[in-house]
Amino acid sequence: MNRFWFFSFLILLVVGILTGILLTRIQVFSAPEQPIAYSHKTHIEAGIQCLYCHSSPLRSDLAGIPSVKKCMGCHNVIANDKPEVQELAGYWEREEPIPWVRVSSQPEFIYFSHLPHLGTGLSCETCHGDIGQMTVTRPVVKMDMGWCLDCHLKEPQPKATRLADCLACHK
Amino acid sequence: MAKDANQSDEGIRWALVVDLDRCTGCQACVVACHAENNLQIVGEKEAAYGRWTHWIIIHRYWEGEYPNVKARFMPIMCQQCSEAPCEPVCPVFATYHNEEGLNAQIYNRCIGTRFCGSACPYKARVYNWFRPEFPEPLTEQLNPDVSVRTRGIMEKCTFCIQRIRRVEIDAQAEGRSPTDGEIQPACVQTCPTSALIFGDLNDPNSHVSQLAHSRRSFRLLPELGTDPGVIYLKGGEVNV
Amino acid sequence: MDKTNNLIALFHESTDTAEAIDELHTLGIDDEKMVVITGVPYPHGALGRQVEWLTLPYIVAVGALAGFLFGLFLAVITPHLYRLDIGGHPPVGFPPAAIIIFVFTMMATIVSTFLGVLWEMNFPRFGPAPYHKLVTAGHLAVLLEYPATLDSQVRQVLESHKAHHIGEPERMAL
Amino acid sequence: MSEVQPTQPEQDNHPDQMPEFEERLLLAERKDWEINEAVLQPMFKTGRGFWILVAILSAIVLWGFYAWGYLIYWGMGTAGINRPVYWGLFITTFVFWVGISHAGTMISAVLRLLKADWRRPITRGAEAMTAFALMMAGLYPLIHLGRVWKFYWMIPYPNNRFMWPNFQSPLMWDMVAIFTYLIGSSLYLYLALIPDMAMARDYTEGWRYKLYRVLALGWRGTEAEWHKLHRALGIFSVAIIPIFLSVHSIVSWDFAVTIQPRWHSTIFAPYFVIGAVYSGLSALASILIIVRRSMRLQEFLRSEHFDSLGKLVMVAGMAWVYFWFAGFIVEWYGNEPIVRELIHEEVSGPLAPFFYLQMGANIIPIILLVFKRVRTTPVLLLGTTLLVNVGMFTERALIVIGSLQRNDLPFNWGTYRPSWVEISIVAMTFAGFALLYTLFSRIIPFVPVWEIKEGRLRYTLRRIGRLLVPTAAEIE
Amino acid sequence: MSKKLTRRDFIKIAAGATAATGLAPVARRIVIEPFVQPPEETLPGQATWYASTCRQCPAGCGIVVRTINGRAKKIEGNPLHPLNQGKLCARGQAGLQVLYNPDRLRNAVRQSGGRGSREYEPLYWSEALDLLAEKVSSLGHPDRMAFLGGLMPDHLYQLTNSLLTALGTAPPIIYDLQCTLEGRRPATQLSQTFFGTADLPVYDIAMSDVVFSFGANLFETWMSPVAQSVALGSMRQGKLSGRGLIVQFEPRLSATGASADEWIPVRPGAEGYVALAIGRIIVEERLGHVGSHRDNAVLYQNVDVREMSAASEVSVDTLRRLAQAFADADRAVAIPGGYLSGQHNGFASMLAVQALNRIVAQIGRQGGVFLSTPAPTVALRSKPEVNTLSDVRNLIKRMNAGEVDLLLIHGTNPLYELPAALGFAEAIKHVPYVVSFSPFVDETAVWADLILSDHTYLESWGYQVPSPGTDRPVISSQQPVVNPLYDTRSTAQVLIELAARLGGRAVEAIPWADEESYLQELVTELYGSSLGAFDARTPPGFWTLWRQYGGWWSEKEIRQEPETTDIVQKPLPMVDPQFDGDPEEYPFHLYPYSSVALTDGRGANQPWLQETPDPMTTVQWGIWVELNPQTAEELGVEDDDIVLVESPYGTLEVSVFVYPGIRPDVVAIPIGQGHQDYGRFAQAVTGSNPLALLAPITDPDTESLAWGATRVRLSPTGRKKKLARLESIDGQGRESIG
């Protein structure tokens, strides 16, 4: 009886520690609050391609955030009665950039470039999820090292070796 | 024991040739390195206590006595040893050897045991003793391709891995491989006398591998058997 | 089933105890029905009882083997899970692997010895158990379980060997 | 005395007060309960001096923790280390504490295996010393990390990075070896403590009773329990000896596997081990003298124990000198430039004061310990053994710091000055050790009562001429 | 790299328009890069390279600046630029910290608490300009205004000159310490005297077999150190004809001396004697392969080799050996350096050195000395004239006499850079209104009423003709690589706007709408020149290419062979050096040298340069005095001991650096530290300015400051201050431990 109590305590302890470790792995996939209630869904359903607004991933490390000017290019005439669009127009008039909050980010010590990833035929959705269906943009995966490696290690050799080199990403 | 992968002559081995006959000790490489790699400024007090963070330093050696005195310069940076003494001692693989013969240091993995620093016979590794400070707007100078190291981690010369990678990605986009001399670490790029030459040691046609076979070439502390990737060329001797 | 009595008896002397135990044996009480409690470890056989069979060495051996395998896993397998070359060393070298395997074997040996002996002794056990505090003051206690029919004989044997505090064993919370 | 249960049988003449035990009075004449009380009584008596001591030690420990927090918050730069002296007082003290920890095993495991009966009263003190010294030593690998909050990367556990620690690193060997040794010595200490916990349980009430009850795990002292305990202790003493040898060897390999001049030595492992035994035994002797005095355990810790301990220290010291010389002569004879420079630094350079302190403090005690008067006079022995520890600490410092200050390229040489942070943290571990020991001695029977009683069982008193001489029975 | 233009190089510098607009991120780590208006040719996160010209010293090297999201990240040498060929020195690399210096002024400011109060009040530019215009127009007489300039880009000098001339004021007085230490003015005068043209000659080190450098720290701060270092590289190990030889004549072993093959520790001021003796030996013994030395005999007719040897403390044997080497070399060149010009007999010495090139017939030859070809348009040919110290003295005199009501100061810091004994600090107090254009609050700006803070060079327009030039005509362009960080305004623009406010002749003289259009007009004159390295179809196309390439230069090398004047028809002058201070009382020559990192002190506010170790002493962040070991022993001091250095004009307390490579009768102190103002990094170093020690004496021939002609005495203070050395004192500079 006593022994059962003692050993079950031990097991509980181990389970507790493991749960603790697991809990730290769980990511809260909450959507950050944006300055303007922007919906990707609306825009994708309107037939706009990702690359129209995020125009640089094929030429640069970054996908790029559209400038206010680009937004205004359409919203001068389209839906300019909506409050969000009027907010946008406000930024345009004040000549202020919109302080968008980053949804998907890489840590500061990581070198990440969109260019080679798109070059291998990946699509935006591979990493960013089905963003075209999102009214509120939120992260769908925790972009951590294991997640990156999951793909990198599946590449054929010798590419996998090269991509598994720490220096491939760490800077 | 298993054959070591780094020993093979296949693939790339990055190497730096330092021509001591050309070096004037002008320190351009030092500042270029600071600018390229976001090195922190430690200030006079810490520098006086051996806490500076240069990745490349120029040793100055005196020879002889007045009036027949000579001073010679010897730039010392991480020697990128094949048999690096710093690598096996790291408990968390923060430093290891990559496929291209680089002695890599992953800052984010480092937990700061400083064992590698103790093990390095060239003392080419520097430590971040304090949180780096960049008074505004000096933060603007930071190179986004290089992480800003926090306190408590080891850092060292990387042969400007970000510049290597940049050229490789560009070359790959153009469907070619980088040409000899196209990749230039910041120190090599700026060296006014071209005392520093960078390239692939395993490519028999590269400038560095030819210089490495020159009669003037030697490596630092060869008796330790570290097989450095930095090759020095002796200063020439011409007497009047 | 026969009715059984439980009895505790305290002795001053180990010789008296040994003799009393011998006589109790002759009364037909098994070793298993007797528990001798002492404050001092008496050498084996001093009180005329058989040596007990221990599983401890086996537990330790299994533990050590587990430690060895764990060490082997860490030292030999994990370097291949994410292959990084260091200092011209092969991913697995004999000397470091030997150290790791050795240390983990020893760690497991020690931990399994400890856990094993607790297991063997049925520890921890805080419930009430027959005990007498005079044991730690140097007395020897004998706990007996015997058929009720032998009661008077047993008491006589005990008293003849200068036992005191003969009576129902007090179950104390330990 | 109120806590002690008056359970003495009436036929024993029970004096109201404890008799003043004479130095060489044999325990054979003591009743078991007298021994129990002699051990327990000093634990319950905590005078003002005790609390003042605890307060002072706690203050130092708290200050040390403040210093540690300061170190973590501001960075490793608040310590005195620099380039090239990347390791300073922290690692020195770490090696020192690991060395101290070696005496416990030496005494209890080796002597238990050898059936040296004089070990009995001092095993507990020695084992406690091992455990506490290891706890202090184990702090340093954490303290000296630049990013201590990432220390768990050294623990092998499956993670999404697919990364495991590098088991080729001596620091990993260190970590697992010290962890093993700490577990081993703590369990060893605890296992032998269980019967005494039961004894204490029977004599106490209140919080102490609850504590001892839990710690005793329900020990009654049945023959089976004793038997199993013996068996387990036997396995322990065999298993812990290789660990004890390996731990300090591994610590020495932290240095010896690098190619730093004067570290790169094959003799380092035995040299460190013997040095550890030397300093550990000395520390043990010092502690026993202090405890004996402060807890009035003269009856248990008698001069013959110190005599034997002193002889062991002397032998260990001679072995240390031998190993030191064996290393030194090779370095001296080889005359490699950098090694010559380092030796020169020590013998006649800026490190000379430390070198001569080390040599003096390590060799003079050996000579002193030749004299029985020194071995058996507590004050003299205390002074001698403290001197050994000063010497051994200096020796560690010379090895760690002295070698790092010089290297193959003279341009890179440097000097090291410890900062207040380092000194505070080192003081913290010394105070922490003393504090743990002080508290330990008031909570746990310092003398292993059952072992003493067991030893007493094996003695007979024989009259030879005019003397009553104890002789050991040959049992087992 | 420099020889072959790769495609990548071109891409690197192909982006040529003005800097990116838009709000750049404050902290690059967190904020994403939103723009209101996206910049035209930049991609977010992608580097763009802009070509410009380095203004950290007067050399005028071409640079390319890597910018990301409108922020400059790295400066590198422009690989196409003929002068520096892609290379750059430490100071050039550190230029970012001029731009991003935390101590920059962010507005035009007025010193609200009176001069010297260091209390500033920001002004709108219109207010500031009104204030300036009012001060200028309310002057009683145009002569009551003075403009003191320093390191100015050429276009600004032209503008200033035009404006001042139009107003009837004297042209700007150009004086700064760097030029003085280089001996720019004496060198110009030497060219004028020797070759009859005021261009600085180019010494062709790259092709030379033997280089005799007389006090020229070629690879540190003298003239065009990067170009000279590039030349050293090819001279040493880049030639087919074998390794060239360098001999350095100077009393202190500089980094250049350390790179040289031989160092001759000549007595201060006696370098000319060495040159004379060598010349005499060559002529007398008919060394070399020139043939007849008859023409040159007259030059050396008064020279006695033994006397010269005794005066310079260089043995006759050595002189003969050197003469032999110099004369026998296929190509040899002798360089009269900055230290010569800093002596009382500087000009005579320089003449003697230049004469050596003549007697071995190296003038105009490859590996000898030649003149660079000027730019093809007249407007671009005129260069800023460096004024003499006498001009500055006159100005100080006028200021003291109350004859100056308005003093404008640009690009120089006289309170720091002039020897304290000249009394500028006192004189400036007599000027009712002082305007500074400094982007930093330096020592002089503290005494200004109004600071019209200029852009830093990475934010401004301009061009510069490198002088000394190179083997072909070069004009280096300067363009903003980033948008101005703050509300500062370029001085050229300020002058244009000032002229507009003043109207009349001023606006006629500089009628342009803005700086850019002025430059465009000036530069597109080059359009159509057949020499250029690039062809443009239209003038605007030329303007674009001009900015993309970082200037205009000839595709092929065009050297100019100078003719010697009749100075070589008479004996060379022999002038004894004079020193200020009684030799008995002040036994040591003071050698203040310009620091490799900080030059004349301009670099002191850039932490990278402060942290850069001095090549010879490896000291970072500090000031020290170098003593020969023998001198140190006699004084009873050792490393890091503080000594008191006294001259007849001032005192200085400074740590000792025992320096094996210096004459026992010379003590050397680096210039650059000892700032009272000039920002946190400059002020972080304790110590005082060594210029306080200098005697205000000049070389009568050139009227240039004889900065090497002061004597000092030293006394130990018994205190110690540890220098922040890179090297270990314990290691004693040994290479091996053998």
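Quick notes
For clarity, chains are labelled A, B, C, D and E in written order, and residue numbers in each chain start from 1.
Operating definition for what follows: a contact is a pair of C-beta atoms (placed from the backbone, for glycine too) under 8 Å apart; a residue touches a chain by one contact, two chains touch by 3 or more.
Every value quoted in this text rests on a predicted model; they were computed, and no experiment measured them.
Distances from each chain's CA mean to the overall CA mean are smallest for chain B. By count of C-beta pairs in contact, C-D exceeds the other of the chain pairs C-D and A-E. Distance between chain centres (mean CA atoms), chain B to chain D: 45 Å. Separation between the centroids of chain B and chain E, computed from CA atoms only, is 31 Å.
Centres computed as Cα averages put chain A at a distance of 60 Å from chain C.
One finds 63 Å separating the Cα centroids of chain B and chain C.
Touching of two or more other chains is recorded for residues 45, 726-727, 732-735 of chain E. Multi-chain contact residues of chain C (touching two or more other chains): 82, 84, 86, 89, 93, 118, 123-127. Among the residues of chain D, those in touch with two or more other chains are 161-163, 166, 168, 172, 218, 408-409, 411-412, 414. Within the complex, the chain B residues that touch chain A are 96, 98-99, 102, 104, 106-109, 145-148, 161-162, 165, 169, 172-173. The touching residues of chain C, counted against chain B in their complex, run 82, 84-94.
Against chain A, the residues of chain D that register as touching in their complex are 157, 159-162, 218. Contact residues of chain D toward chain B in the complex are 74-77, 81-87, 141, 144-148, 150-151, 153-154, 163, 165-166, 168-172, 175, 254, 257-260, 404, 407-409, 411-412, 414. Taken in their complex, chain A has these residues touching chain E: 56, 59-62, 64-65, 67-70, 91-92, 95-100, 102, 108.
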